[in-house]
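What follows is a pair of complexes built around subunit A, which joins subunit B in one and subunit C in the other.
For the complex of A and B:
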């Protein structure tokens, strides 16, 4: 028997309730930082591209803050009892921005063709899929090779945006002129891009949810300097400063301005987790006790409270607490320099200086590198900081040319999608800074992760992930730092600004301005 | 004169090719490539994706092949395609050119006009309070970092007083036209142009003052005085004109940089110009775009050098006669 996971009725009722309060009209000015190369998110998937493109394109599902799927282009869906078949029914009356109707053929084209060619994240997800079919214009069926429970959390706009077949079929996707004037199904239509200044989106009057979106226009303004972005908000030229757009030390000042609100919500799906890569191939990082000493040496509470203004959370291990299957497993390594020194003494560490590669993402990360240098120095590990730019950082880390390096990565809704790639032996490959860069290899852990990915139902996955977390926390392949918190600062007149686990890119259809 | 100009033009083309080749190798010597930066921004990649990007951009070709393709394209006035922005380089540069020219030319006019006037004024009142104030102000503006001046300008005139907009080229979302639009752009231009102009204004003022003082001690000035000419006429016709050569040299250098943009000012004021485009291209290893900006900037420097040389010959007949 098939289980109905979600009915659109409940959603419609909720939507109507919100509609009753919302006031249509108005425009919002938001920061987009840095300026994206393109907002065609089938090809370009960096954060600023998603921030804008997420309102132009949609996928089958959205997720609430607990990562529970919600309707998007799919109004309902069912999963077979064996977990092998996912059937989606598309919304009625969905039109592309050029007026053509959306059908299941567009979904097939996107998942089987376009995204398979252009999107590595989608390719990874589809390794679990046997076939995709469309029995009729409104229905799409995914048949899986094995019961991959994470699949239901992989259908976001981030991994699987649905793209117009009638525009892209038979063309060179990367150079199709439509990439500059994107055509999606989303609540906002692309209007104008003045490079170096702003991107302008306008309300889609034919949006399939009647009454939405409420806002008439969105302006995404490009302001390259961090201090100038803060000033733009202070002077009222900007209504919304997305998380991560201003330096952390500016946040308390902005947050305390009159009529200013802030929220940490909207990052539950991405769940950014930061850590230090410890190059496991090189001594002394190849010694588990040295790696444990590093963990004890780090004052992560200080980093959270001082460098990140109290936003975020100290990471207890490889999984963010926002992720399903997270468990707070011992040991969690509270700050204890004495213990760190004892461990270093035990292994006879010779005090050889190590090189630390900070993330070249601005002042906060530089300061964090200084703090880590001091923490490790206090424990007896001398550290030299090496300056680099983004391209240099990519090259150094992906070619394993470092001792210790900062990084942070999105966890993408499920450990089988966004976590195990960082620890499995099969993910050790040069030239890629998003896999097992530290070079950790443990066959027991590989088996646990492989089994957990395809175990069914979820309770079985939980048992296996508990074991995997414990094993990793004992072995400390990397030094976990913080679950990063990126507060969105906004004018309090803006309502319902963040309504999904992915935040601003998906929520503009619900946002409205209080008169 | 025509022979002189055509000879210099020929040399300029050779120099431009050399600069292009040198820049090509310098940029490729930097760590990382556009494919790795783009993969990095996406937060995910696999070897197939990286290979796909490198093939698309021609980065899988040997370096000498890439160089040959690039230089031969440039010779046909084709600056190639921006890897990251997926648009022709020429289009990207020409989109940014008006904003950069407006800012640089305004700063150029402000700095040259006010700087020379202030320098001349100070030299005529050597040792008096006006001279002291101008010299001190010039020293301060010469020594103060531009980005700091820019931020202070924003804090004072935009945040505290609310007189001028603090960022951008024009107001967004108001759709002004005609005079209203020009006035709106002018309002946005004042802070960045003044900030950028202050540094060069200080340089021109110091240089004009020093040069005029030097010239005013020469014999022909004494003769002019002995002839009974009015001091103002002596200053304007005899001293200033003869003191302008170093100023013309400096103006030529500044004019050559007009197209290159001003990275710091464009960044602080979110001015959509070429300087910022160049900086982004550098950090993203967008080779074609960066090389394109360099080619255009180098061409402008060469052109303005040529113009400066021609001006020399017009301002100072001795050079014309000597050559």
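For the complex of A and C:
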């Protein structure tokens, strides 16, 4: 049997090798959910806007699934030995969709002017930058104030799209008419947007990579109703269902359809991680043993297998395993109700009921709250689930008005960008549901995180992050749940659909349809 | 009493309804004894079809919870909500209806305009709004159902009281110097009891339906297993696991039908002159 398996595997490998000759032509129908307000990703950066806009605009770099930088608009780059100077050389023959050539002036304009005004995320990154200059038409140099190793992972289309200077300079950026008919350098050009119906992109024939893109047309269909989205895929109206655009409970059914493929790849850059905020300010959550007991009480394998259809991964600690500097360090917490009970007994927990605030994002999260309630109840922590809506959830968590609350956040390519914000003392501030909401404060850890952010080179950072992960996993400021998996479901005829760490928004230039 | 039972039992539907109802009541009483674990406990693998495992006769839901346990515990919740909310709406509706019918004049006008105000809003929509405002929990659900269901009680009672108000025994009571309160309480209300009992049995059925609909919409108490909740949670997997929504649906159907049949039987038994012939 095993030999047969190997034989067939070998056969299928050679078969793909033979078939993997990309052929041009064809169109692809995708779902965009919900309909974005705009696809000008210099201004609007929510997921659906990126999904479409990522084909129109490009940035200096792309990232592979291990977040290693790959050329995009920059064909090569060098980093000085002290980690303070980054030099990028632009590709030859890149043209904007209106025919004008791309030069280093466009990059300077985007980085120093447009994005500084329009994007807080970019401003945060630029706090580490001393100056940006362009010695010639093809070269851009970033000088940093201090070594910031994460910088090389902050140049994606999501954080730093390059925008056309000749269209935006001297105009009101937010109201420029070009926002509705975006001009980029990307593999696809904007053609038409029928609001409430579809967004149509067409191939950019002058794309600087000869032969690419392969596809002629992309249709991003707007289908507001969840059940209808599933049906649209079942009937073949849709070829690609991006991760997160159908309900979890529909996924097994769609995945099991004939001629249907699915992949979890393409989320490495965002690396969504879910956890329970434990309000460290209130007893009994202020007791580290209680928080450890919560970790032992949770059956996270169950949540993964039953609620998330087996997608994703049980989190070991504060970093997603997809992130650089992740390490599986001790202690980790397997499902062990007996240990949880012992810990609770040790601290003399009084059994006072706690309130659990679920994430109001639909059925899966509701069921998950029920499972957590049951897990904690079995360990002897009575829990009541509260009812909430999105506004209520935001308000309650950002004002610290909760006992235990669900959340999940993107980690954005580096712990210095997407992780330490949730644990540093300086990040404790009311009014923001994405910072240190749990109120954990540990000076040792603050120092570790601060040093790790500016340590250079990467090996030094690794050492510091190892310590930080260990410390956090001992202290359990929040109860980590799962690295969420949002599978992309697609018709198997589509090849090379996901080729970067950001997935669909960036990969359409490589995708092609098997004839 | 013997007469009452005789007349009641002439309505065969009512007897069947009563049996079903008794069964549900018994189920809700013994639920904690046969299903000692919480109905939320995840006891087996998910999606076990019904009638395949003896221990889980009705199968399990998408999270591996025992559906039979959920149904049994849900019966308690549904009956509790039905009875208590009906009681509360009687407590609101009876004094308003009695006062309006007894005193007449501007009191009647005032109270009836007030009642009509509630009647003019679709009751389920009002219940949804109330529950959403007060945060869904079992108390707010009971209160909301009561608030939307009392107007018919008030109107019914007003009519009954008005017709009794001019009867000779009431006038005799007035002449004998009894206070208004005593007259209403001692002379009039006992005579309105039978239509109220009939109405109340129907209201219990309606309350169970409203609670189920609220839970189905996700506006139920998150910590209480009710039939509507099971249907709502099962709705998303109806193509993979029909039984999750089917059995609680059947339970609601049977209970509500039983209550209506019993109500009809009570009507026959309590108003012998109005009883339809030919049964």
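Definition applied: the second predicted complex is superposed on the first by the 495 of 515 C-alpha atoms of A that agree within 3 Å, B and C clash if a C-alpha of one lies under 4 Å from a C-alpha of the other, contacts with A are read in each partner's own complex, and residues count from 1 in each chain.
The criterion applied here is as follows: contacts are C-beta pairs under 8 Å (C-beta built on N, C-alpha and C of every residue); 3 or more make two chains touch, one makes a residue touch a chain.
Everything numeric here is computed off the predicted structure, so don't read it as measured data.
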Fit or clash - subunit C, subunit B, common subunit A: fit
Partner chain(s) touched by A:34 [first = subunit B, second = subunit C, both, neither]: first
Partner chain(s) touched by A:306 [first = subunit B, second = subunit C, both, neither]: second
Partner chain(s) touched by A:463 [first = subunit B, second = subunit C, both, neither]: neither
Touched partner set for A:377, first subunit B, second subunit C, both or neither: second
Which of subunit B and subunit C A:363 touches, first, second, both or neither: second
First, second, both or neither for A:336, with subunit B first and subunit C second: neither
Which of subunit B and subunit C A:496 touches, first, second, both or neither: neither
Subunit B versus subunit C as contact partner of A:253, first or second or both or neither: second
First (subunit B), second (subunit C), both or neither touched by A:180: first
Partner touching more residues of subunit A, whether subunit B or subunit C: B
Where subunit B and subunit C come nearest after superposition, their Cα distance in Å: 9
Overlap of the subunit B and subunit C footprints on subunit A, listed as residue numbers: none
Complex interface listing, subunit A residues touching subunit C: 247, 249, 252-253, 302, 306-307, 358, 363, 366-367, 369-371, 373-374, 377-378, 384-387
Touching residues (chain side subunit A, partner subunit B) in the complex: 27, 29, 34-35, 37-38, 44-47, 117, 120-121, 123-124, 174-175, 179-180, 194-198, 200, 217, 219, 221-225, 227-228, 231-232, 234-235, 237, 388-396, 398, 409-410, 429, 431-434
Touch list for subunit B against partner subunit A, complex: 30-33, 36-50, 52, 56, 84-87, 92, 95-96, 99, 151, 154-155, 158-159, 162, 165-169, 172-173, 266-270, 272-273, 276-277, 280, 283-285
Interfacial residue positions of subunit C with respect to subunit A in the complex: 38, 40-42, 46, 62-64, 135-137, 218-219, 222-223, 233, 236-237, 239-240
